[in-house]
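Below is one structure; the comments refer to it alone.
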Amino acid sequence: MAKISMLGTGLIGSFYTQTLHGLRSRDRVVNVYSRSAERAKTFASEKGIPRWSSDLRDAIQNSESEIVIVGLPNDLHLEAVRLAAEAGKAVLCTKPLGRTAAEAREMLQAVEKTGVFAGYLEDLVYTPKTLKALASTRNGAMGRILWTRSRETHPGPHSAWFWDAARSGGGAIIDMGCHCIEIGRSFIGKDKRPLRAFCWGATQVHPIKAEDHAIGLIEYEGGAISQFEVSWTFRGGMDLRDEVSGTEGTIRLDHFLRTGFEMFTAAGEGGYVAEKAEGNIGWLFPVGDEAHELGYIHMFQDMLDAWEARREPMETFYDGYVVNAIIDACYKSMKSGRWEPVEIAAGVAAGGGKQAPATRPKGPEKASGRPQETRSGADQDPGRGKSGKGGFLVIKTERLPDGRIKSILKDKATGKVVEKID
Amino acid sequence: MAKISMLGTGLIGSFYTQTLHGLRSRDRVVNVYSRSAERAKTFASEKGIPRWSSDLRDAIQNSESEIVIVGLPNDLHLEAVRLAAEAGKAVLCTKPLGRTAAEAREMLQAVEKTGVFAGYLEDLVYTPKTLKALASTRNGAMGRILWTRSRETHPGPHSAWFWDAARSGGGAIIDMGCHCIEIGRSFIGKDKRPLRAFCWGATQVHPIKAEDHAIGLIEYEGGAISQFEVSWTFRGGMDLRDEVSGTEGTIRLDHFLRTGFEMFTAAGEGGYVAEKAEGNIGWLFPVGDEAHELGYIHMFQDMLDAWEARREPMETFYDGYVVNAIIDACYKSMKSGRWEPVEIAAGVAAGGGKQAPATRPKGPEKASGRPQETRSGADQDPGRGKSGKGGFLVIKTERLPDGRIKSILKDKATGKVVEKID
Amino acid sequence: MAKISMLGTGLIGSFYTQTLHGLRSRDRVVNVYSRSAERAKTFASEKGIPRWSSDLRDAIQNSESEIVIVGLPNDLHLEAVRLAAEAGKAVLCTKPLGRTAAEAREMLQAVEKTGVFAGYLEDLVYTPKTLKALASTRNGAMGRILWTRSRETHPGPHSAWFWDAARSGGGAIIDMGCHCIEIGRSFIGKDKRPLRAFCWGATQVHPIKAEDHAIGLIEYEGGAISQFEVSWTFRGGMDLRDEVSGTEGTIRLDHFLRTGFEMFTAAGEGGYVAEKAEGNIGWLFPVGDEAHELGYIHMFQDMLDAWEARREPMETFYDGYVVNAIIDACYKSMKSGRWEPVEIAAGVAAGGGKQAPATRPKGPEKASGRPQETRSGADQDPGRGKSGKGGFLVIKTERLPDGRIKSILKDKATGKVVEKID
Amino acid sequence: MAKISMLGTGLIGSFYTQTLHGLRSRDRVVNVYSRSAERAKTFASEKGIPRWSSDLRDAIQNSESEIVIVGLPNDLHLEAVRLAAEAGKAVLCTKPLGRTAAEAREMLQAVEKTGVFAGYLEDLVYTPKTLKALASTRNGAMGRILWTRSRETHPGPHSAWFWDAARSGGGAIIDMGCHCIEIGRSFIGKDKRPLRAFCWGATQVHPIKAEDHAIGLIEYEGGAISQFEVSWTFRGGMDLRDEVSGTEGTIRLDHFLRTGFEMFTAAGEGGYVAEKAEGNIGWLFPVGDEAHELGYIHMFQDMLDAWEARREPMETFYDGYVVNAIIDACYKSMKSGRWEPVEIAAGVAAGGGKQAPATRPKGPEKASGRPQETRSGADQDPGRGKSGKGGFLVIKTERLPDGRIKSILKDKATGKVVEKID
């Protein structure tokens, strides 16, 4: 049994907790942190968690938990990881590891210094399909890998902070490119060094400063090319596909829209269909068990098994660092219009360590997650990019699982992005 | 935590044990029974089970287990259930419950008499896709159900006893029709009484006395029609599909061959692709996590949660009994060529009870399961139905997960079906 | 070049004419008949046809056409065929050939007596996919055929007369079962005699006297089983699928809903998506070239090539007669609840002949065809089966290609079915 | 009726002629040219063409044909077009128009100067799916187009000259990128100017000097991005997919591998499955009517209808020129590693004209086309890139429709690429 502190009560914290408590699990979240005492308390009560806190340092240090899970907005990862490492606790951090490779490197150094167990919560390489496809690839079914394609597109994320490049570190690339890059890298082989990256990105639809659509290419040692496509402008649900091509074969994975589950309904059922599904009538493509299809279950299995067995998990902070280094090169290329080298610091490596003290944290919990789009097939997103009431631009609206409508708004005067729930 | 005795070390026992021990489970198989002491011992050692037995009564009575799982051939279900009920243990029995409704009814009465918790291990209504589709149906997305189709076809089962109608209770209908019937019934609504059944069945390919292909229709109170198609003659892998149609919508489920995972390999990888896959080169349709896709994980979750909560599981012995009653009507119709009424005894109902003594069990464990076909796309199954060496007809050959080749043979003189492993 | 008289200006006449004039064709419709002079005139003008008539006998006799195409309601096929045969003209008749085998036999005898060329316009065995699948089957790719499934379901036909069993000869079976039966028979082999049929049918949804949903089984000489599923109660578009299974392989054909063309649109485009598509927003499955996918193009190619070459077409009046004989057995079985023998008269065979006089025709043209459902994914068909205004029951409403709404109504007093266009 | 001269007797000439003569066409090829008199004669005899020639000038000038179709290798397009324009004949030229934009521009000027009708035979924008998807896009179903993806990959072309960059003008980009680029451009809108291109390309597998794999991005005026993926290294058949994404919707087209036709065969049928299919056992994805699915039928319909109506066809020489200009930018970018501007000469425009004289042509006919890969799923392409006998490297082997095996060989001493048929 693993005793866990969950940092963050947003949708990612919620998904993680549900997964950890789900099925016939022996693990428990014993402590939850949110910047807001009220949210922490409510979350604890709903999920059956005995203890909660609205003080980050306290949540990490003063708990019987052995493992800290960081489910906070990107700008808070470094501080939380540092505190956990200092407290000598195992730490699992959601994706992306940092907003930049420099931040990721600091996190990697923090856990190496104190020797704590650390895992990078990159769920999409852990989907059962991906795990099996990776095994077939390792077994030689593809021959030498020549090309990978990974695509994650949907109508845009749920929480305000995602749309604020200062807090998130960028746009669609930092949000989803991190998945696609690591998927491609996993098929090509982690022993192959990423050499250079090229990236196109643009703000095509939303009134934001970050890219809402990007396409990138990463060239690896040995000649393989890895392609990613990420977008917050896609219509029709969440498109989550991977393809691999090698000298001996090819693989196609579809994780969300064409998985052997198709439904037409003229009546609807008034509820949630699948993450980021658009509409709830007509032809729909529901997902059986989302936590499973998105890799959460097998990810935590590997993480906690590894922690118990004192071995490395499949996804380490080093992997998170490499992904950040590739993303850095992509952002640089987006500006320069040319290939940019992927810079991985010499001497940086995955590692473990022993234990550590702590510092004082603060800052809001991650209010993110994976709710469903409100936009029905029928309505046409009237507000996107247009003037909303009271000096705000509407970036996006969506229906929460509890039926309320959330709006992401941009203050026309200050440019600040906020969210509002009606 | 649930402490379990596993009866049977065949592939179904193996799949069940893997599922129960899998992911981050808190449950454990603490005792295993096989007719063969050697197999019991080996199984216990491989799966980390502390205790084993080759005496059925002993395995049930003299164990710290609280739950007995019956994973034995069909002709041994009744005895095992009776012993478990008498021993006051919760009992979960694999599908079909009985070989006939009469047998199933005896089992139902045995558990009702002693009041033990009882669950019917019908995994395919527990696949995550099916669970979600059932929920949507209950929520009204389909309107009133008019039609269901459930199809399970593959090139034939793995263990000799399946091919012996005296032991199994029939052919493809008893083997797989039980799944399809319960799937259809679940969508139509368990409150709707099955009225009558029509069935076509034939022995089209294999040199056996039971049907290797059948199509059935069940008409329900309210007018819905439920169609099943089962076959041991199908080529191309395991075809596992359900369809539902109602006044407001339609659902299509594909559980195995078109689930968003497609692979072409010219090289192969020398191993197992998916249950009953044919061949390992060319275009293949692997399955990410078979235990998940086949419903094992969610089935045991419901069973063990129900047992802990002292509530009924979704699938009870009563459900198993109704399925057997429908199968009886199908076999009768196959002979009469007309609709036959489904006869459900008055006063029979799902139920629980309290506790009980025990009797002396014996008999072989179930040698069944779900291994992969050996027949590659390339070779043409030369032996099927033709004379094998030494007075045997070859019914079927297949490759076991460990690489050995198993043959199902019929003694031309005695008609007895045996299996041989090379 | 073939000179053709088109009998009927309904949607089937329109589809046929478009196909015959389409692409770079050398054939021409030179004469068109409708009971209504106005419709005949309008049709002729729209399609560039030089001559029209509202007198059936005149349309057949007094024309420079060499070929007469019967695109009239089922109750007028016999008379039209008789007139054409008497006039010594080649005659192509739409499906089903007759309302009963007796009628079909009269038609067969009429063309045999005068020796005119005759073809049965069963388009769905002519889809390019079906033609190729049939070729692969003949080449041995499937081994011996064991099973076929053919399914045609949609929300119901377009013209009033279809819903009137007296005129059409029945319900969904006579409308669509004729396709499914001939598809199955073609895969199993036309040299195999259909022995017996079983059929379930019911009126599940619509306020009509004929079956709106049916499932049938036909057993052939040699043991193959052929299954059909037809429905006017299906939601989600037109489901048109065939499956074949043999000792060496299997085939799956999807003609309409999953053909490699998928579209999500939140905006719609205000128009026609595909025949019997429901709704025009959300996920849609359009069809590239419907005439091609439905077999019209290759059907007329075979018919006209055969006529020029003085050989038999792939589908003859004899085939139409066999299909009618199977349908007769199905209707008998629906009532008797048991297998019924398929009765094919001795001495009946496909054939040709030479020439003939003519008689006086009359009667309305076929107002049928393949328009699109109006029912959007969003609305719930409020009227189906419920009381409409003025003493009428609403059977069905649909949007015509020209945007108008057509209703099929049943007079509550007289039971008569009429159509109304708003 | 159109009277046509076919230049080239390779597989493209053969496919074109079959299409032009197919169905119930009124058009005829009346004259055929091949550099080899024997091939010209054989082709004429097989296809029922009354006249043949092995002299290019003669074939163009001395014929009753009104239209000349250029189905020759890329290096002979310019000369053939010039001769046709001078002879005052309408000219249709296969893709790509030129090897470079400069060549394409000369062709454009040649037809403009003499005013002859000219069409660019870009078949893949004419597939019925693409035509319908383009119509929906024009009707607003996608909103503003943001992204297109077009992919054409297979195991490599069939004729020696394709592998020789001097003759073909490049590798996979010039061969297939021309399709993908024009597909993307058609969805984005031909009124949108292509601004700049980025391209990655490499020689990953084959022992050639040109790219056998490339990925390109084209940015259009208005901000849309168009992505292409082309490869001669792909395994598993011919992958031909397009995707479109706009502010209101998305489209997915699959032209070859997942089109609603799936077949498993353990027996095979000893023949051709589909263009560039790999293997003929196991799961296969046949195509009903390839000429239809690949757009040939609708392409020639548009071309000949346009010619008769004296209007422009959908694809003009100007379109071919723009495509060449984009390809030029891609090749430049492949070397520079940065975005390169797409240079379209001012004053260049689509156009027509009136008539012209002629010059003396010569040169080999195009030996290309679309045969099927020999490589079965089982064998591992032992020769590719390895030393063949007698100082040759084997680039590729394939089975021709007539069963013979063709090898593409590279002379190790001279580097020359030749083909050999066994």
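Note that the chains are named A, B, C and D in the order they appear, and that numbering of residues resets to 1 at the start of each chain.
Convention: a contact is a pair of C-beta atoms (placed from the backbone, for glycine too) under 8 Å apart; a residue touches a chain by one contact, two chains touch by 3 or more.
As the structure is a computational prediction, the values presented were derived from the model and not from experiment.
When subunit B is laid over subunit C using CA atoms, the rotation angle comes to 180 degrees (nearest 5). Repeating the C-D interface with over half of its contact pairs identical by residue number, the matching pair from B-C, B-D or A-B is A-B.
Centre-to-centre spacing of subunit A and subunit D amounts to 42 Å, using the average Cα coordinate of each chain. Note on chain placement: the centre of subunit A and the centre of subunit C lie 53 Å apart, centres being C-alpha means. We define each chain's centre as the mean of its Cα atoms; on that basis subunit A and subunit B are separated by 39 Å. Residue positions 235-236, 248-250, 264-267, 380 of subunit D each touch two or more of the other chains.
Interface residues of subunit C facing subunit B in the complex, by the touch rule stated above, are 146-147, 149, 153, 198, 200, 202, 204-205, 213, 215, 217, 219, 223, 225, 227, 229, 231, 233-236, 239, 245-250, 336-339, 380.
Chain contact summary for the complex, subunit A toward subunit B: residues 1, 23-27, 127-133, 136, 139-143, 248-255, 258-271, 286-289, 292, 297-298, 300-301, 304-305.
Chain contact summary for the complex, subunit C toward subunit A: residues 235-237, 264-267, 278-279, 281-285, 375, 377-381.
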